[in-house]
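The structures come next, written out as structure tokens.
The two complexes that follow have subunit A in common; it is paired with subunit B in the first and with subunit C in the second.
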Partner chain A sequence: MASRTASAAAHTTSGAATPASGSASGGSVRTDLRGRRQRSWRRHRKEYLLFLLLLSPNLVLIGTFEYWPVIYNAYLSLTRWNMLSGVPEWVGLDNYQYLLTSSNFQQVMMNTLLFTGTVVIGSVVLGLALAVLFNQRIKGRGLVRTAAFAPHIVSGAAVATLWLFIFDPNYGLSRVLLDPFGVASPRWVTDSDWALVSLIIVYLWKGVGFIAIVYLAGLQSMPEDVYEAAKIDGAGSWTTFRRITLPLLSPVTFFVMVITIIGTFQAYDMIAVMTGGGPGNATTTLSWYIYEQGFQASNAGRGAAGAMILFVILLIVTGLQTKFVQRRVHYR
Partner chain B sequence: MDTPRGQGARPANPRTRPARDGSTMQRVLLYVALAFAALLFVGPLYWLFSSALKEPGEIYSFPPDWIPSSAHWENFSGAWNAAPFGDFFINSMIVTAGGAAIKLVNATLTAYAFVFLRFPFKNVIFLVMLGALMVPNNVTLIVNYITVSNLGWVNTYLGLIIPSAGSIFGMFLLRQYMMTLPREIVEAARVDGAGHMRTMWQVILPMCKPMLVTVGIIAVVDMWNDFIWPLIVTNTVEMRTLPIGLLYLRTTDGYENWGGIMAGTVMVALPMLILFLFAQRQIARGLTGGAVKG
Partner chain C sequence: MRYRNRAQQASRRDLIRRRSTLIQPSRRHFLGMAAAAGAGIPILSSCAGGVSEDDDDSGGGMGQVDISPPGKFSGRDINIVMWSAMGGVGGETLDALVEEFNESQEDIYAEVQFQGDYHESSSKLTAALQAGEIPDVMMLADTFWGRYLLNDVLEPLTDYLDDELNRDNYIDVLYDEGLVGEDLYWLSFGRSTPLFYYNKELFAEAGLPDRGPETWTELREWGAELTQLQVQGKSLKAHAFTGGDDWQFMAATWQFGGTLSDGLEVTIDSGGAVDAAEWHQRFIFEDDMAYLSQSPGEDFSAGVVATFIGSTGALGGVYEAAKFDVGTAFLPREVAQGVPTGGNGFSILKGAAQERKDAAFELLKFLSRPENSAKWTLATGYLPIVQGAADEPELAKKLDEDPNFSVAVEQLPDAQPSDAIRSYLPNGTDLIIAGIQQIYSSGSADVQSVFSDVAEELRQGAEDIADDYERYFGA
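Coming up: the complex of A and B.
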């Protein structure tokens, strides 16, 4: 849960971290002269060795379980292999060709777009609305904020199980709430028209409180002088919000979009508990497809190719975010 | 880094003023909105806890009884017996404690090295390590399974823990924190003859306590809630962790009692909810760390 948040956070901050870290090293070893470098090796050998010693466990783990997978996954995507026996068999771009032409995979991409797109829009709109509400001076906002944030740190499997019961057409809360309006509860997760909607609702319920916290932090760090100026100019509160708050919040909005996209790509627990990708393939998203191909259909190559596609999408999204955030910094 | 504070963090906030000056109508609307939000988030949670304590007769009736007539604890024992929840708990505890501990140690050692030790091109190395955050777990899933399988770690605690024991974001947060510490203190300790390990242990770590707590808690929440990796790396019921065990309970043949399933859900959710109530601020800081910098 936090790791997906984390990755986006690092995307936003890594740019800012570089200059700061430069000052920490003191630039003591920044020189082109090889001789001096050798001398500095000798002089600081103990310190260098300690550095390597402290770093090595983490470095080995990250190398083995983060970087190596990218390389090997790229290779696997060009092979056919059942992961059980034998060795990967080279098939070139066959897997990609299959994916890009298969109507099943088009459905998967459509599901991904619908799920991720709706959740992103919902997170931004509802998260911002909640944050504005929590930023008002009203009693009880602290308690509600806590209640809204809480589902975010609860296991996705638990949240999904709870909502399965809520969505139970006969005994669930959804029937209780819809009954007074004379509406029968849909068969949420078993109806292919409603299954994806159910996932979107549950994802938003779990995540939007955290998004509100992020927005709230943004709202509270706004420069006050701009608001004073707007007030003097006689701007109403809606104009102020639309013309000042929203533009100033746009880096936060971009951050929210990126962590939400990454988050929806990790929603394995919800899909596994609520729909298992079904009915049919109504809720098979790209990430679920990767899991299904790799671990249920024993088709490592096709799963790996799906993973590469996802990786490229994510790189584009984070690249756009970085670019956008940098531009904003210059703009300010 | 801006962290969400308790209420009244900035009383003179200009954006809150319209509400105070606004009409009574506006205030009423705000409270209606707040009440609606409260219902939206508390309602399902109440449904969870109350259902876990209801008798089957109270669950399978319409309209339902909102308040359980008496606490029906049998739901918990029922769930506990229908699936090996004892094993699930032990596994989750071992994996969470082990994983979070190794993560924390890794984060600390790496951050200290990056901040207080000299090494050629260490900032390049730092950025390379940080770059691993760009790798989504969707990409690592298949290959890590192959790696762990080659190591013979499938269905073992090592297999559950080690692949997520590296620390990137925690290391990043701690490094940023250590960089704000006054360097004179470190130099004073060095002059007094303390080696690096002693300086780290006795001088730096005590000063980093708030950030260590944050990094540790985030790691605990992450490990406890992890789903897809424990699902693929374990293959016997006895090695499952709680989130997987909950899925197992619900799909167990003949176990269709929502009361028992909600009791199982409470067992998975409650530990993190309790942790959250005590450490909400640290969790918020850890998760939003660096988010709002513009």
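Coming up: the complex of A and C.
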């Protein structure tokens, strides 16, 4: 406790020291200030150049492999190009117009929304529930935690192949489990009504362990005294959970929401292995659609336009979350 | 939690605030976590930049992808690269044949580079062409070479033909599939036709004759018998459809008297295509005799379905997995016969230097020798591609011993080339497959409207490639 106070005090002091030089006012002082700034610039120029020099390898790498592709992609989205013929042909907003008016693309967006929404909410709720469970003093807790986390580190292709066996209506585990109840196993991945559901189940299964561990870390760094206080106040376990645990966990919730939303929007691997976007386009999400247009249809322009739409969606989502987090999540 | 007064409430809130800083991730921490979680933005990254000129080349003007001849073959006059899309047994067999080619002469070294399946290797070729560094000879699937033809990157092979390799000593149906007008652009190699597979034991149990059905209608009649049988506590299905390919469906379209397209004129939304799809849909959902399977071959081998239609190339795998007698037959007819061919062939790339192209053709000639074609067929189950291969002693013996093996060879003369929309429109097969899947996976899907949508997309695509198509095929 004492050391914590001390570090907080140190922080305040160092924080106050920085803006001290800026407290001047009045004309002469301002000129003086400008002069001082120039001198300071001259003095610091060397340092500044060194700073840029040290930064440049990263800037070049990020510029080349992050920003340039984004910019080039934006350009491609305004063209028609099959990636074989010489040059992309400028078509303006044709690709966007096509996407926004195509009923096929509306279905794709519905799939994406349904898939992302369910997986995100599902992983947060289940992940939290698991974390609370793992936080209890139960026997074999370490083993269970490891087991729950394991799917996260297994490759998506392997997980997908495994689940294809489980979902097989003829000789899969799904049939073994459902048969005793006299229920016929659905044809999970080859039935339009079940295919998206099966993908959701698999993505949840793979992702929830990671979320649980992140939540668990949050739960374990909870201050005991708040809970003691709540206990003294006579709060029941549900009230404690709702009024203390949940609010205190909100930064963690924010974090897992951001990565699950981004991750789910980008989901590709297990879709590729399990359904290939089918049957029909029942499991075609935006990211799969981008692949389909770009690399199966050799329609770089339309694929790029899809990628720009995904880019904008993720930008908006991230923006909203940042805004939300400033108002609701930080307890500062 | 009930607070006794405002002050206490405030102090409690204060306490929570202070404590919460402990578990609140700092910005750097947060970014670290986000980076660790691999958060990023997916963008179609593409290789910018055009084709680079290679000064050393005397011919096509494009460089060669990296090649590294092993010691004993280094220092040969010319090195060539073949890109293959075939892994597994096929890949090993091809490697062995090319190794024999290298041993058989002293001027050319050829290297096979496996580039992933047809889709992946095609993407890599596209990138290679953009980069201007290409392989010399490329394995392309029957539905992939058309797009390269229309973009003028394939070398016409007609002038290379000689006494050793020409239409007369090739199986003509297979040779003709690579013909565009008078010119040959694609040389058939790993080719197959679909076969009708049936489980002899289940057929006997149901009191059916030991042969494939003559027509779809007969299969449906037999289905009534087959579905009486129980397998693992469930009623047996008569037939498993695939959703992974449109090959079988194109055959069904022909069998029902239609086509997917006539030239580039799309016809999937009328006649035989709609009839075939409606028939199949009824067979699945109303008759409850068939279903859309994830992998028909596996289901068949496991004995949960009595019949399926699959490639000749699947025969080896089915034999290995099935614990019952396997029968194969010609595809069922309905109002007509319909036998498509599938698989891959080789094209030489126009952009390679002339001496590399000459050397590449020497390799193709070697692969097309009867004894090598026979080795290839024996190892993979693909069809013999040249006259004389079937007379090679080992293959002749095999064809004689196993009637299943010879069904495909006997069926081949009836084969016809694929409908153009499927071969030349890059996503032609994908659009058709999506339509078929929709129909096979839902009893309420309206076939006419599904195929109208598919046809509309196909027509838009056809419009885009029409000019290039006409340059090669005439209007």
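One rule holds in what follows: the second predicted complex is superposed on the first by the 263 of 332 C-alpha atoms of A that agree within 3 Å, B and C clash if a C-alpha of one lies under 4 Å from a C-alpha of the other, contacts with A are read in each partner's own complex, and residues count from 1 in each chain.
In this section, contacts are C-beta pairs under 8 Å (C-beta built on N, C-alpha and C of every residue); 3 or more make two chains touch, one makes a residue touch a chain.
Because the structure is a prediction, the values reported are computed rather than measured.
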| item | value |
| --- | --- |
| Contacts of A:A158 with subunit B and subunit C, given as first, second, both or neither | first |
| Touching partner for A:D179 - first (subunit B), second (subunit C), both, neither | both |
| Comparing the two partners subunit B and subunit C, which touches a greater set of residues in subunit A | B |
| Touching partner for A:P251 - first (subunit B), second (subunit C), both, neither | both |
| Partner chain in contact with A:T116 - subunit B first, subunit C second, else both or neither | neither |
| Contacts of A:M83 with subunit B and subunit C, given as first, second, both or neither | both |
| Partner chain in contact with A:A147 - subunit B first, subunit C second, else both or neither | first |
| Which of subunit B and subunit C A:T264 touches, first, second, both or neither | neither |
| Touching partner for A:F311 - first (subunit B), second (subunit C), both, neither | both |
| First, second, both or neither for A:T190, with subunit B first and subunit C second | second |
| Footprint overlap on subunit A, comparing subunit B with subunit C | 69-70, 72-73, 76, 83, 164, 168, 170-171, 179, 218, 221-222, 251-252, 255, 262, 266, 268, 287, 290, 294-295, 300, 303-304, 307, 310-311, 314, 329, 332 |
| Of all residues in subunit B, those that touch subunit A in their complex | 2-7, 9-11, 13-16, 18-20, 27, 30-31, 33-34, 37-38, 40-45, 47-48, 51, 59-60, 62-64, 105-107, 109-110, 112-115, 117-123, 125-127, 129-147, 162-169, 171-172, 175-176, 179, 196, 218, 221-222, 224-225, 227-228, 231-232, 242-244, 246-247, 250, 258, 261-262, 264-265, 268-269, 272-273, 275-277, 280, 283-284, 286-294 |
| Subunit C partner contacts - residues on subunit A that touch it in the complex | 69-70, 72-73, 76, 80, 82-87, 103-104, 164, 168, 170-171, 179, 184, 187, 189-193, 195, 218, 221-223, 225-226, 229-230, 233-235, 239-240, 243-244, 247-249, 251-252, 255, 258-259, 262-263, 266, 268, 276-282, 287, 290, 292, 294-300, 303-304, 307, 310-311, 314, 329-332 |
| Residues of subunit C that touch subunit A when the two form their complex | 1-3, 12, 15-17, 19-25, 30, 33-34, 37-46, 48, 50, 119, 123, 126, 129-130, 147-148, 151, 153, 232-234, 243-244, 291-294, 299, 302, 304, 426-427, 430, 433-435, 437-438, 440-442, 445, 450, 453, 457, 461, 464 |
